[in-house]
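A quick write-up on the structure given underneath.
Should a chain be cited, it is by its letter among A, B, C, D and E, assigned in written order, with residues numbered from 1 in that chain.
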Amino acid sequence: MSDGPALRVSGACKTYERSDQAALLPTSFQVERGEFVSLVGPSGCGKSTLLGMIAGLIAPDSGSVEALGEPVTGPGAGRAMVFQDAALFPWLTVFHNVEYGLRAHRVPKAERRERVQDALRLVHLDDVASRHPHELSGGMRQRVSIARALVMRPGILLMDEPFSALDAQTRTILTDELQRIWLETRPAVVFVTHNLIEAAFLSDTVHLLSSGPGRIVKTYDVDLPRPRDEAHPALLELRHDMLDRLRAEVGGAIARRAQIAEVTAL
Amino acid sequence: MSDGPALRVSGACKTYERSDQAALLPTSFQVERGEFVSLVGPSGCGKSTLLGMIAGLIAPDSGSVEALGEPVTGPGAGRAMVFQDAALFPWLTVFHNVEYGLRAHRVPKAERRERVQDALRLVHLDDVASRHPHELSGGMRQRVSIARALVMRPGILLMDEPFSALDAQTRTILTDELQRIWLETRPAVVFVTHNLIEAAFLSDTVHLLSSGPGRIVKTYDVDLPRPRDEAHPALLELRHDMLDRLRAEVGGAIARRAQIAEVTAL
Amino acid sequence: GGGGGPADAVRIGMLLNITQGPGLIAVESEFTHGLAGLPVEDYLFAQGPDAASALLSGSLDAAYIGPGPYVLAESRAPGRLRLLSGVATGGQAMVARPGTGIRSVADLQGRRVAVPGNGNTQDLTLRLLLDRAGLRAADQGGTVEVVVISNAALAEAMRQGVVDAALASPPFGTRLVAEGLAVPVPSIDAVIASWRIPATVLVATEEFVRANPAATDALVTANAQAVDRARRDPATVARRFNDLLAESTGSRISTDVLLAALTGLQPGTGIDAVGMERIVFAADVAGYLGGPVAPAARVPRPM
Amino acid sequence: MSAAGGGGTGSAGRLTRASHRARALALEVFRKGWFVTLVLLVWWLITAAGWVDPYKLPAPGDVLSTLGTLFTERALMSDLGATLLRLVEGWAIGVVAGVLLGLLTGGSRTLEDGIRPVIAGLQSVPTIAFLPLAILWFGFSGTAVLAVTAFGTFKPMALATYGAMHQVSPTLLMAGRALGARGLFMQRTLMFPAIVPSLVTGLKMGWSFAWRALMAAEIIVTGAAGLGGVLELGREIGAIDVVMAVILVILVVGIVTEQLFFTRLERWVNRRWGLVGAR
Amino acid sequence: MSAAGGGGTGSAGRLTRASHRARALALEVFRKGWFVTLVLLVWWLITAAGWVDPYKLPAPGDVLSTLGTLFTERALMSDLGATLLRLVEGWAIGVVAGVLLGLLTGGSRTLEDGIRPVIAGLQSVPTIAFLPLAILWFGFSGTAVLAVTAFGTFKPMALATYGAMHQVSPTLLMAGRALGARGLFMQRTLMFPAIVPSLVTGLKMGWSFAWRALMAAEIIVTGAAGLGGVLELGREIGAIDVVMAVILVILVVGIVTEQLFFTRLERWVNRRWGLVGAR
């Protein structure tokens, strides 16, 4: 492994087949090792597309993605992903869900066992290892999903709106948890969210995207000591800034969409 | 119609079949004509159950609900409901969706037409009347759902997490819209949400519920002039109060649940 | 037709089977001018039992069927059908797989013998043969296994050695012999021929006969003419059969085979009372009867 | 989108697009046709090499020429027409009856719990078993055949309707009830349209069952027009080429109805009901 | 919950609960049994009143006594056994083959696009049409019957597998791919378990098709023991009571397998896969 940045996205862009507009214009940014980066922006601005390209699940039309010093051509053990709806395998127990990626990478059984137990302990779920996903609450399911990613010991952790399906209270609790876990394990993180407070609270850097077509329109640095408090006035102020910017962008996007609608008579 | 309160819930409670715990303990409260009341509380605390009883969709085990001076025994035109996922009929156009309740109540065709157009104008959707729901954005769908309720000219409007499936930006816009519409039409509203800012921003009164089993644990009055601004410090402070209280409640609920889990070996 | 009153057409069912030759040729000549002023509608059935059911359900007025289905229908719905006339007698052939050495009924002991269907002429005749030789079918606790194999599958069954012998309806026995898949067993054929078992009879529903006496008379007369023609000129039957076959499936059977098969078949309007009696007896032995068959039902009762 | 083919004139651009489309079409034809081609090739090879007796597997050419003979001598076209007419009739009756029964009894738990297991049980009895009853009760004429075909369609459609009704989103039903819909109005304006997408899938299944039932029924009266009779006569005289020719006709009809009717219907319904990505 | 029956002693409470349970059971029996009872009653009434000739519709009692005779004198039990054995065998082979084909070819668009329409087309051809071919190819032995039954099951199972694979949540597949699953590992550990709940529904449908195919085959290849042979016997000798007795047996077998096997399997899978309300 080289000592460069954890992740380098260089001019990656994407237009989906049968679509008349780019989902994401050429985009470049960089994530340092151990850095926590958030992507925020209105619905459809290409956040998931960008994350998919980093994960190696979507091939960029042009441009490139380099992760941990190597070009991304497909999924790799160094990058792990957490999805919005947890995406656990309902027929496997918690233990076997977390173990799945290790099996896919042919890790020997004894080592698998140990690493899974470590990961479950990290998210405080070692006592429900033998349950099935449907026997867990939404928050617990999402923690299993995080453990399933962390067990791969990823250099880069990718999270696509991991908490947006949870209720506000559980969400607050899990955000705290994520900060703790990240401080303990320190992967580079790319975190997608709609929740601006969440982004401000967790991140070192926040990229704000806009749609129609998708691109990064502004980048914020958050220089606050950790662990942080959600009610810190600087965070609230940052949220306010981003909200204003977003409202302007969404308004613009809506105007553009209306124009398109007129032309294509949707 | 008498001149009493819009709604009087007296000791209504509910235990679902095959459940070992009450979903809602005997609950009483009152909503004045034209008042905006919110219900907040953790998941599973019985908010939807309470709303269903008011709508006449769920029969309380004991206690009673009185709406616009008459006891509730089933759905009635005086009470209209808006659901979390809009619940539009996908095979009908926007116009016919809004018209549906009027058809069910055998309103003559000419009057239906007029009332639907009025309702659509109110939510700024008169130009998409002939589209189908899947041709709309999430925010537009939810506005159709509101029009579908308002067209019934309800004395009481019931809303169950109407904005929780929307992204943050759309949500903010719709919350503003709802305040405007409510100020124009002035029904009594019972509004369920997880979003504390939203509740504080919109309501005259907020009831905070707690689960295990469900009951009202605290009531807040919000005496601020309208139209309001979301960033008003009094609102932020109220949110903070409620959040603290909720955290305490949720913690308690989790502790209680753990106890139950031990006993029933879930 | 149907409904009890006078009919406006005579609906006649038959099978595409050369034992029904007189019926097949009647359709293109004797029936063409109608029967006592009523037009004839003809229907081709795949199997006798279906034609019998169609008679009982009232959707046919008359039919050419084997004596087996007639007797069985009479036993379950006594008095609903009326035997009008004989059509043909004989025609079945016992054939054996080469090398089995089957020469007499006694040789069938422990063998598998094919018939084309349960309760049809061949099935009943075989049971009669066994009974006279002191043997029993396997389903009656005996040693001879009677298996049902459709005419179509018979050649393949012989080839695969699934059966040792078959009592076949014409022309399928002759065809097996012609194709070298089986050899005839003349001694058994001789016994069967001596029994004068009807191959095809003409029946009508009692209801139709009562309501349409003139048409019934005309039907019996027309049938007699067709029978007479078939007896004098078997080639007409062969040609007609092949035409119908080609019309239905686009293929034909060799005329030589058909003519050879027709030599054992005697068209005739008479029904041998003893031959009929034997059929009833065999059906009883096999346990097929739903009730007794009155003696009066075993002989033709034209008006 | 960036300009395609950079620098070409308008007509050149159009040409490029046309050749693109041609290539896409060729790819499509290959993707959908390679397996059929392969099967035909293997079939032809086996028979041409003489590995199998022709009476067991006639050559593709022989089957085709038999098919030709059937069309000219037997007027297979009118058989096909008669069969399709019966099929559509029986199927339509079965569909309407099944969906109506489902809609009318599926609302009540007592009605459904009593009726559904009986229909499910009957569904496990092959149609062929009911044929003797149908002939006795309805006669062999069109009525019996129609009755059997309709009955064969009715059972799976009723079961599909019950199944679909249980999958309707409870929120949608609640929304309807809250708006004042009740009883027949509810079943007609909400329950029925809500289950249409599931029913479309059911229709295809019902069609397959209708074919089965009809073929079994047509076998009785072989002389009358109808594919079943041809099939049975071919079977009776051991003409395997006739059997294969009829199979071929049924197969082609199956593929054509699937592509021309069911796939389109499904696509239309899915679009109308917003079940595929909007836009 | 508030104390039930207020003030009773413990044993009285238990009694009350027992009587509650008895009442619930009675209600359940009524709910599920009323329709069957009604049908039987109407049947009995019609025949007892003599409105229909007994050769068209025998009385329930007559059918029962025929059933008894069949069991004692015709060894119907061994027919039933033979049929069920063939059914299970043919069905199992068809299920395994269909699911395997679906899993192995459903991953590639080219493979699926080529094969699926052919199978869908074949599915529209009633099994009865393939019988003559099966007899020629596999002989008279049980093999032909088994082949036809397996083939009859194979087609709907393969189609069900394709259908189920298209409905697997793309996020789940993406999660698997992101975790490094590929190729056979992916199909085996992710695709297969993901489609199991849909397949369970498919199994029931396959069973119904297997019955149809088997009955058709047994009716034509009647040499061996089997319900189909008895059914055909009843038809050929015009004994409608035998036909109805066999229908009754098939019906009872259908209901019993549904209740004892499929419903349980479905419930188990749904619980294991978390498809019913978690708790």
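Simple rule for what comes next: contacts are C-beta pairs under 8 Å (C-beta built on N, C-alpha and C of every residue); 3 or more make two chains touch, one makes a residue touch a chain.
Predicted model, so just to flag it, every value in this text is computed and none were measured.
If you take chain A and chain D together, the chains in touch with both are B, E. Minimum number of contact steps separating chain B from chain C: 2.
Measuring from the averaged C-alpha position of chain C to that of chain E gives a distance of 39 Å.
A straight line joining the Cα centres of chain A and chain C is 82 Å long. Averaged C-alpha coordinates give centres for chain D and chain E that are 21 Å from one another.
In chain B, the residues that touch at least two other chains are 135, 266.
Counting partner chains per residue, chain D has residues 132, 136-137, 219, 234-235, 238, 279 touching two or more of them.
The set of chain C residues that touch two or more partner chains comprises 47, 53, 56-57, 150, 152-153, 156.
Residues 42-43, 135, 138, 167-170, 172-173, 194-196, 231, 236, 240, 243, 246-247, 250, 266 of chain B are the ones touching chain A in the complex. By the touch rule above, chain B contacts chain D in their complex via residues 52, 55-57, 75-77, 79-81, 83-85, 87, 89-92, 100-101, 103-105, 132-135, 148, 152. Within the complex formed with chain B, the residues of chain D that make contact are 169, 171-172, 174-182, 185, 189-190, 193-194, 196, 272-275, 278-279.
Remark: chain D residues 66, 69-70, 73-74, 132, 135-141, 219-224, 229-230, 232-239, 241-242 touch chain C in the complex. On the side of chain C, the complex with chain D involves touching residues 16, 42-47, 50, 53-54, 56-60, 150-153, 155-156, 245-251, 253.
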